[in-house]
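Here's a structure for you.
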Amino acid sequence: MALLTLTSDIGEQDFLAGAIKGQLLQSAKDFTIIDITHSLSPFNYPQAAYVCRNAIKNFAPGTFHLVLVNLFDEKREHLLLAEHNGHYIGCADNGLLTMILEEPPQRVVSLNLGKTNQKNTLFCVTVFAKAFNELLAGKKLEEIGDPSIDIQVKNHLRPLLGNDWIEGQIIFIDNFENVIVNINKEEFEEQRKGRSFTIVFKRDEVIDKISETYADVSEGEKLALFNSAGYLEIAINKGNAAGLFGLQGFSEKQQQYASQQYVNHRLFYQTVKVYFQ
Amino acid sequence: MALLTLTSDIGEQDFLAGAIKGQLLQSAKDFTIIDITHSLSPFNYPQAAYVCRNAIKNFAPGTFHLVLVNLFDEKREHLLLAEHNGHYIGCADNGLLTMILEEPPQRVVSLNLGKTNQKNTLFCVTVFAKAFNELLAGKKLEEIGDPSIDIQVKNHLRPLLGNDWIEGQIIFIDNFENVIVNINKEEFEEQRKGRSFTIVFKRDEVIDKISETYADVSEGEKLALFNSAGYLEIAINKGNAAGLFGLQGFSEKQQQYASQQYVNHRLFYQTVKVYFQ
Amino acid sequence: MALLTLTSDIGEQDFLAGAIKGQLLQSAKDFTIIDITHSLSPFNYPQAAYVCRNAIKNFAPGTFHLVLVNLFDEKREHLLLAEHNGHYIGCADNGLLTMILEEPPQRVVSLNLGKTNQKNTLFCVTVFAKAFNELLAGKKLEEIGDPSIDIQVKNHLRPLLGNDWIEGQIIFIDNFENVIVNINKEEFEEQRKGRSFTIVFKRDEVIDKISETYADVSEGEKLALFNSAGYLEIAINKGNAAGLFGLQGFSEKQQQYASQQYVNHRLFYQTVKVYFQ
C-alpha cells in the first residue's frame, strides 16, 4: 500500500472531503489515505505552504501528496504533477508548488483537464487519481503528462534582511495561540553571526534569548523558541500569545473577510523584528 | 477489507467518534473506516441529507455507511439497515434515510434494540457492527433484520416550482461561504426549457448566467455555477458570498440556537429564486 | 496490523498532526493510525482525561495509544510508556496518566529524552514510535525504559460527597451543548441508596428523574440521563442546555483565555448538585 496524504481548504463540514476519499478509493485502490488537514484558511497561500511543506517532509520518500488548495484561482485547463526528493505532489498550477518546495520542483508535468469537461474539484480528483495510479504502476512522469509546461511561480514569503536585523512575517497561529514567524533556525543563525539579539514585536515587547521549551520561563511569561518545523515561535508559557499581544497571521486576503474583521476590532501586528548587536 | 464510512453530528472534540471507531474495529475487524464528517449541524436534516447523499454516491457499490445523526429523535426500539444501489446504510428510523436517497430504499429491515438495553450511541454502534459483519459474511438483509418495518418517511427539501420560476432553499454554506441551493442542474434545465433566466436573491441581487468556474468573473464579483454535487451555488470569486449577502442555511431548528443568534444580528435570507423568460 | 490511536490538543489546522502521522508511519510501519481527536482544549486536564479514558476503553486490549497533551508542561527529560489492562499508553509525565486511568498504571517505565536533543513534539513522537515498535516486536516494557520512575500523580476530578448529596463538576460540553458532569452511574447509585433525589443546577433548576433517552421529555424540556460513557448528562431535548442555562466546563486555566472570555460575558455555573431524601 502506498501512502497518499490529503490537504485542502474544504473545511470539516462539507461532503467534499468524504467524496474525494470515495473517488480516490474507487480509482486508486492501492493507496492508504492520510488526512493532513481540511481546515486551511481559504486563499491564504503562505499558511498553506507552511502547513504542506512541514507535513510533507515528515513522510518517507515515495509518498503521494494531493494538495487541493485554490484549484480554481485562475481559469486553467491543466493541473500539475511534480516529483521532488522522491515525493509525488499533485496540485493546481497556481504558484503554491514553489512556495511549498521553496525552490523549483525537480520534475513537473501538466495534466490536461480537457476543454469540454466540468472543471470542479471532484473531476480534478479523478484526473489526479488516474495519474497517481499510473505512477504506482511504474510509468514515468513524462509518460503521464506534458513536461513542456512553464509553471506559475510564486515565491515563498521570505523575511526581510538587513545587516543588523531580520524582519519576519507571522505565517501561522497555532491552537495554543503561539505565533509562528517565517524565520527558520538556519537563517537566524546565519544572520546572527554569533551576536547577541533582541526579538521585538508589537512595538515594545522584547525577548533576548531563545528557549528550549515553554517551561524555561514561568507561567504567563513570554518566550521565543524554534518549533517542530524549525521556525521562530513567540509564545507565552500556558498563555495565548497571539491574543494577548494582538498578533495575527500575514494574509493577502484578510481585508475581504467580514467574519474575521468581526473579531478584529483592534490594531493587529503581523511582523516580528530581530535586531543583532 | 470492506470500506465503512462514518458520518455524524458528534463534533470533533468528543470522545465518542474515537470510541465508535474502537467498537467498530473490535467487532468488525475486516472494515477500513473512512471519516466523512463528524461536524454536521445538530438537528439540521436538510444539511445532513445533502452531505450524506453526495458523499455516499462517490464511493463504490459494496461500501457500508454508518450515519449517526439524531439517533434519539424519537423514542424507538429499532434502527434501520438499508440496501440501495449496492450501498449498505445503517441509520436511525427518523426520516433521514429517504431524504438522503430522495426515494424509498430498495430494501430495508429494522434492527431490534431490545427493551432492556441502554439506548445510547455506543450500544447502537454495536448493533450496527454486528449487522454489518453478518452482511459481509454473506447473510441477506432479511436474515439480519425484520423486513416488515414501515419506516418513517421525510421528504427531502424540494425547490418550489412555478411555470416561470423555481424557488430554492439554501441547504449548505461551505468553507468559502459559497452558498449551496437545493436546485440541481437537471431540475434547472428541465424547468428552464432553453429560456434565458435571472437568479435573484436578497431581494435585488441578480445573476443572469451560469459560470463554469469562479475565475470566469473578476475578483470580488458574484457568480452562479453548479458545484461538484451538481447543485446551484452562489459565490463571489475569492470572496464570501454568505457573509456579504446575508444568506444563511435553511434550518427547522435555528431559532433555538442562542449561539447562532449571537452572530445573526441582522436580517438573513434563506431562499434564492430563478425567473425564466 | 496493530492499532495506534492518536489524541492531542494540536488543533485541526496545524501541520503537526499530519507530520506526526508521517513520522509514525516511517518508523512504525505496522501500525494503523486512528485519530481520536486533535481538538482537546489546551491545558484542560479534566477534559483531556475524560476524552482519553472513554475513547481508550472502547478499543480492544493490545491497542497502542499516543496521548500528546501538554508535553512541555514542565521541563522534563523523559516521557512515560505504560501498560494497563492490556493497553499501551505513551504520554508525558505530567499527571494526566493517573487522571485517565483513575488509578496508578499497572506497569510504567520512563523513556529518556536525552539532554542534548531538541525537546519538541516531533522528537517526542520518534521516541514513542521506537518504543511502540519494540513492544510490537515482543520486547518487555522493562527492556525498553526505566521502571524505577516515580511518576507525577494528579488525581482525577472527583465529585464531592456528603451524606445526602453529591456535588459534581462539569467536565465536558458536547456538540449539542449537552452538559457532562463527573458523576458516574455507579457513584450515583451507591450514594443514592434507593432514595429519591433532586438534581439542582444554576441555583434553581431542578430535575428529579433519570431519563433513558432525550425523547423521554417533550421538545425544549430539560432532562438528565447517563451518557454513553456512563456519566451524568444534563440536556434539553433538541435544545442547547449549556447555552440556555449558562453552564460551562470546569477548567483550571479558563481565566487566562481572552478569546473564551470574549463570549463569557455573563455569569457561568460550573457545578451540579444532587440531593437525596
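For clarity, chains are labelled A, B and C in written order, and residue numbers in each chain start from 1.
FYI, a residue touches a chain if its C-beta (ideal position, glycine included) is under 8 Å from a C-beta of that chain, and two chains touch if they have at least 3 such contacts.
Being a predicted model, the structure only gives us computed values, none of them experimental.
Taking shared numbers over all numbers used, the chain A to chain B interface scores under half, which places it in the different class. The rotation relating chain B to chain C, fitted on Cα atoms, comes to 120°, given as a multiple of 5. Separating the centre of chain A from that of chain B, both taken as means of CA atoms, is a distance of 31 Å. Each of residues 12, 35 in chain A touches at least two other chains. Those residues of chain B that touch chain A in the shared complex are 3, 5, 7, 12, 34-41, 50-60, 63, 172, 174-177, 212-216, 220, 226-229, 238-240, 243-244, 263.
The touching residues of chain B, when paired with chain C in their complex, are 9-23, 25-26, 33, 35, 42-43, 72-75, 118-123, 253, 256-259, 262.
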